[in-house]
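Naming follows writing order (A, B, C and D), and every chain is counted from residue 1.
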């Protein structure tokens, strides 16, 4: 595992606000490790929903999550307002990788960074190519 | 609100084991207040599922939750093993009330007591009478 | 249990925004019953924190939750923005009762209403009188 | 990302039972992606607690989580009983890596595999060497 430094907001292409909840904090007074993943999950799900890129959208897209991960840099917790930055780190034939940086309140360095690797599938959970119109909707998340 | 005393295990008709999780504890080092309701929800859901009394069962029953409540007597938290005691406190024409006592580890007094008031409904969420075969399955939860 | 009707926003004294999360929805596609309590918990905790009325405030107040409850009127769920209305329904010698109405997006009728009954305690969890300065901070939540 | 196959139970050194809860399922009727991480978190926390290797133990050890990750192979969900298999994948000077396989009910192939990478720290969150007695307690998790 290589060392990594927290990234600035400029490393992300779109942002969503995610307030914390009282129960997000665990016994150490900080946000529970699993709750970070829930926030990242919410950021990706909300972006997909807002852009019609999920099961509720016109094309009823089924993106299957195959891998997730998080690197933790510093503590966050209730009552922080978390700003989730999103970008697309990979866009393959069937697969894509959402990368999400979490920023506390007004900070410009991520407190944590995570990803969701997904595969577009048919009703039988078999990978299918990502159609061009879907690619077009995803491109704003790709940083130059 | 009248004063209430914790109840013993003999006040309940059926029991389920519900282990706690690390994130159940909040910043005070005890189980979060909302998590108690999640445990009660799980106890009722599991009992209904095990007895075929939910949407997955043969009669595809839709019980709509209309009210819930909890009284807290003493603290529980990870890594406690919670034993949930169940009984039916009310069985009306369309409505019923599951009452659940939560016991920590080997204790014989509830640390918390809650209830789920539900109404049997049709596909349009309108109340319908609880059929006799369903009543028969519920009666073991009614204490003498 | 008497029938109750949903209340309008005018029945509450202060408001907080609480966005939903993807995992708030359960298998039925609606917000899980326990998650409503988590939102109410967050609304009360955040209001207390913002007003210096908790363990982190200058007077290090310990409010012990002794009872909670929720009435459900209609379904909410991700990605709804929930607006939590707060008021104080009771202010006794040691005890108080926060009442919280949850409103979906732009709706003016509660989808659910809940309460947190709390007692101010000393370090040994014994009830103590609520001091006048604390009462003064609570009065804006009491409706005429 | 290389392809990975699910592992059998023999690839793990210790096991813990983790029942699912009703609210673990999301709108798709399967366990939410973040909930898997909560189960892995609970498995690692419980094992550390049971072996005196955390803040509550005699040496008041502070293990800081720096990275987590999960690979998903097949769906699990309520009311599955999850069996968490643990092993130590890495034991360095200050750092260690718990690897956790999750097994549904009686299945012998993981439905998901995750890890918690942690660093032992002092009160100022600076890495310190893992003492030999702590290493001794960890070695049963290292597979031959």
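By our rule, a residue touches a chain if its C-beta (ideal position, glycine included) is under 8 Å from a C-beta of that chain, and two chains touch if they have at least 3 such contacts.
Here the structure is a predicted model, which means the values were calculated and not measured.
Interface note: chain A and chain C, two copies of one sequence, contact each other through mostly matching residue numbers (shared numbers exceed half of all numbers used).
Centroid distances from chain C, each centroid being the mean of CA atoms, peak for D. Between the chain pairs A-B and A-D, more C-beta pairs are in contact across A-D.
With centres set at the average Cα position, the gap from chain A to chain C is 30 Å. With centres set at the average Cα position, the gap from chain A to chain B is 35 Å. Centre-to-centre spacing of chain A and chain D amounts to 22 Å, using the average Cα coordinate of each chain. Looking at chain A, residues 22-23, 32, 34-35, 38, 41, 78 sit in touch with two or more other chains. Within the complex formed with chain A, the residues of chain C that make contact are 17-19, 21-23, 38-39, 41-42, 45-46, 49, 78-79.
Remark: chain D residues 22-23, 25-27, 29, 32, 34-35, 78 touch chain C in the complex. Within the complex formed with chain A, the chain D residues making contact are 1, 28, 32-35, 37-38, 40-41, 55, 65-72, 116-117.
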